[in-house]
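Just below is one structure, and these are the notes that go with it.
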């Protein structure tokens, strides 16, 4: 398991570092919201999931997409705007999807997928499936009305949904305490009738174990559950760089998070050989994905007017 | 105080009974959402207010409008669609307003005035006023996202606003427990950081006293406060009649509320003479208001296109 | 429907509805479509505020709860935003949700999910998902509905690619369009009108669909083309009778589906008549009426000199008092008057005297 | 701006802007207007997500916090619905809130308060209140903004009586219109465009207003009237240069205020040119372009035979890949091409070769 978790974490970290590196070349003509520093949340939770479980995320979704098994080539190609991208170049970094892997979408409008996740869970329940849905969102999203509206609906209908709030302390450049009169997100979930607990977003094992336990209840029809996971964003809100120079947060605030980085920690716990093998594999996979993306064609102009509706689109759109 | 409260309660009760009676004649061409049975909430709270305090309410706003001192003639004329109505016949029963009395509006869209109230409170705070705003809304309104969004903002900015949830157990024909996964509205307010308590909506003295106490803190800059007041609607959701025959609630559910009716209770606690004097006065006032409404003209056709914008309206609208 | 005075014409009338023996109200037609679709396809479910309450959305959802159970027919909390988002999630999971709103005004709380998510998902996910969602919503009218319970907002949705809009005006179309909307793999806004709920008309018993793509010519004429949207179709047909009295043959068209819109039928008619009056139950500014006038003007430029006019809500907020509310809406008589002015190419001052058989149905409260 | 080749004309150009020495960016013009209005009137306050953060909404709110303090300049929680409702409450209490949204797409979360409350309050309360609210919002473009960060939704607001809409395209108008909006006693939607933020132009130092009611003729010509909305005004002026190269004199008009709209200026121009091309940075269906075409067609019926065309977003969702995104928007070259086709009354197949001096400014990320 240690090796598996390291592999998953390292793969996301390196992928995003490559994205950041390539970014300067302007070949990724798309905003990127990196998860660097937050990977363990997606990896810890998703490692507890079955392939037929479903996740919904946010524009900061690279880690989630990969942790849930989304296709790497299709993701990098998407960032490059290529026809082989997971949305054919139409959605970009903020709208990754891989239905085969159970990644059912991400939104650039904060909060929206929380409700979509609950609706998906309703469908699972109606079909007597024992799959579950996990809804990932940030601390900022909990300020949107859709958050509490959805909590209420999920409890009312005992939906098989796990809410995971990735609390990185900030919405863009504004600290949680400057946005929330009471900065206790678990208390809010509990008030709506959902069992809620706060976990350490660097403790990937703890996240995995607790998710496994909690999902037993959710899968068995015990209704929704809520995890608030403390984590930290190392890079700027959007883009490849750092943002400490802006002055809204001190670099010192980040240091303990870097010190507790699970990627480094797990690396040090593996044998040198095991680690090297994984790293080499991952590097190769990533290099291949970038090569695949580079080599892929852009979508043909005609694609502008396809997939608007599910039927002959040109005819319809032309009306 | 007893006499004052009785007078306020009796006046609203009788006014609405008259509205119900006249309704069959179709002279009130407007939906009416009667407060009969719920008057004590408005009266208890508003009796604790100063004239320069502000209230916002809902389409079920007759009681609030009158309890806060809204003009009776202008209200009845409004229901009759007359030019002398409080909105010139443009808003009808669901949009009563009386800025001079601090009644700053009501909405037919559930939940909307909660946020408007908080904004008004922000303005008071900015101006260093010690007036307060009271926001009245139903149990159903707490399910709208605007509710928690507003609670958060009110706490964050320490706003001088008192939230009063008139919990009559139903939204139209649906019981609270069928709409709320956890039917504890106070818990939700508390989770957002607002002190909250549940009060008996038939105990008009209790409401008055508690509001007075609570407002001391709110006026002094202590931030928002929340009261959930249990009450019961005797009549149908909209219209003059009863709705027990629909089968969604038993008449027996209403009986204890009628038995504890503060209008009857207070009446019995007054001397016969005092009571008779008040009743006569009120009856006269109401009769006069209906006569005023009947005698008033309808707005002139040209009024259709005035007051869209604050400036020469026809010119603008015509563009 | 075609008047006996109508002039001979070669173009065939598109109206090819099967003649049905049975007469049904609009309400029952909606209810029957929902029933038939739910029984045909277990993925269909109906929910929204109060769909399962004793009034059953004017009866349009009556009996569904008993027949299909509370998992497929349920009332919701007052949470339009999240419930719309949930509906989208259901649709992504392969269900076919029908989300019901008793007033179109409340859609303003659901715009983010409808416009930012439902309409865009298929495209922005590169065709890998689809959102077979139906949103039923009703336009209120008369009897003091007022500012916030009277809006026709279909124009806002016509503005947005990726969502279809339909506004059937007859029981026949109400049933067929709802079935078509439910079977459509794309989000569809289904617009009802409170006054149409009272309409009665022939409705076949078996299931059928009325698909996008074909407007219906509901009265044949050569003098002026009148397009009536939703409830205004009823008023336009009445207007056509008033016009007959003064020898004007109006061609009346019901677009039925507003997005995608069948411009061909309208433009072909206007090419013959040279005159177009579009009457909507909504504001005209940037509305369906603007779009139809613009399309026809674009289409027929250089082909024929046109006379054009739009009617709709007065460009103001809807007042409650009947003294003003009556002036807020077009009526058969004001429509007839405007149509005649188009035909005579200038203001005639003519407004027909009200005929008792052509009076508007009055809605009586409470709601 | 007027080309030396322009034909003599009698109607005076409406452009009577005072010549200002100072050049300012659009960003600084917006910032200066806010600053001057806040200093003039203590009732003015500016808030919205991130207005007080280090990036200060591209700099448009820079320095305001320091100068006016956190009570009058503040960032908000992520709660567009309630914050809009709160803004209305502030306005009802006599403040003059300016509520800022970094993307217009997010207004879809605030539609209920904007349309059901802000736009209607004055009327439905019989004129007893007014709502002096300004909503600033930005249209994103290019560089993969994508489906949910690129919408121009001003058409939805133009549909609704009771709210004004303004979309200034120059630094001069950005400043004057924001001042006018702040002083207006009615709700105003103020539309910015991310690409306009980079524009520079003359801006007087002292405060002034650019009021509704007068569109601006930004290039004079006799052959075709081109109306360019918001950022498309820039592309239209470039198109006019391409057209000059082939001897076509385009009259370019910037409506500035979209609601209320100055149809007179546009219709008068079209009456001369006989040709109208409306270019919007939004979808055309039921949008500002539909409205302008419909108004002009109505206005000039029987007066003059017209050639009409609308351009705007392709009728689809905005894709992120540059391969498709480039096709989604009108450009100077496609506008010129369409204008020429109107003038020559048929497809010429002409698209000008790109001139380096007329290239679009490219936006470089991150956002």
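By letter and in written order, the chains are A, B, C and D; residue numbering begins at 1 in each of them.
Everything below uses one rule, namely that a residue touches a chain if its C-beta (ideal position, glycine included) is under 8 Å from a C-beta of that chain, and two chains touch if they have at least 3 such contacts.
Here the structure is a predicted model, which is why all the values come from computation and not from measurement.
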**Prompt:** Fewest touch steps from chain B to chain C?
**Reply:** 1
**Prompt:** Could you state the distance in Å from the CA-based centre of chain A to that of chain D?
**Reply:** 36
**Complete:** Cα centroid separation, chain A vs chain B, in Å, comes to 45
**Prompt:** Taking each chain's centre as its mean C-alpha position, how far apart are chain B and chain D in Å?
**Reply:** 41
**Request:** Starting from the mean Cα coordinates of chain C and chain D, work out the distance between those two points in Å.
**Result:** 32
**Request:** Give me the residues of chain A that touch two or more other chains.
**Result:** 85, 88-91, 95, 107, 109, 143-146, 149, 152-153, 156, 179-180, 308, 317
**Request:** Two or more other chains in contact with one residue: find those residues in chain D.
**Result:** 76-77, 79, 81-82, 105-106, 108-109, 112, 116, 123-124, 146-148, 161-162, 315-317, 319
**Item:** Chain contact graph, described as a line, ring, star, complete graph or other shape
**Value:** complete
**Prompt:** Where on chain C does chain B make contact in their complex?
**Reply:** 49-50, 53-55, 75-82, 105-106, 108-109, 143-149, 314-317, 319-324, 327-328, 364-367
**Contact set on chain A toward chain B in their complex** = 143-149, 151-157, 179-182, 184, 187-188, 190-193
**Request:** Using the touch definition up top, name the residues of chain C that touch chain A in the complex.
**Result:** 45, 71-72, 76-77, 79, 81-95, 97, 112-113, 116-117, 121-130, 161-162, 164, 185-186, 212, 259-263
**chain B to chain D touching residues, read off their complex** = 54, 56, 85-91, 95, 97, 99, 104-105, 107, 109, 112-124, 126, 145-146, 149-150, 152-153, 156, 306-311, 316-317, 319
**Item:** List of chain B residues in touch with chain C within their complex
**Value:** 26, 29-32, 81-82, 85, 88-95, 107-111, 140-141, 143-145, 171-174, 178-180, 236, 238-240, 246-248, 298-299, 301, 303-305, 308, 317-318
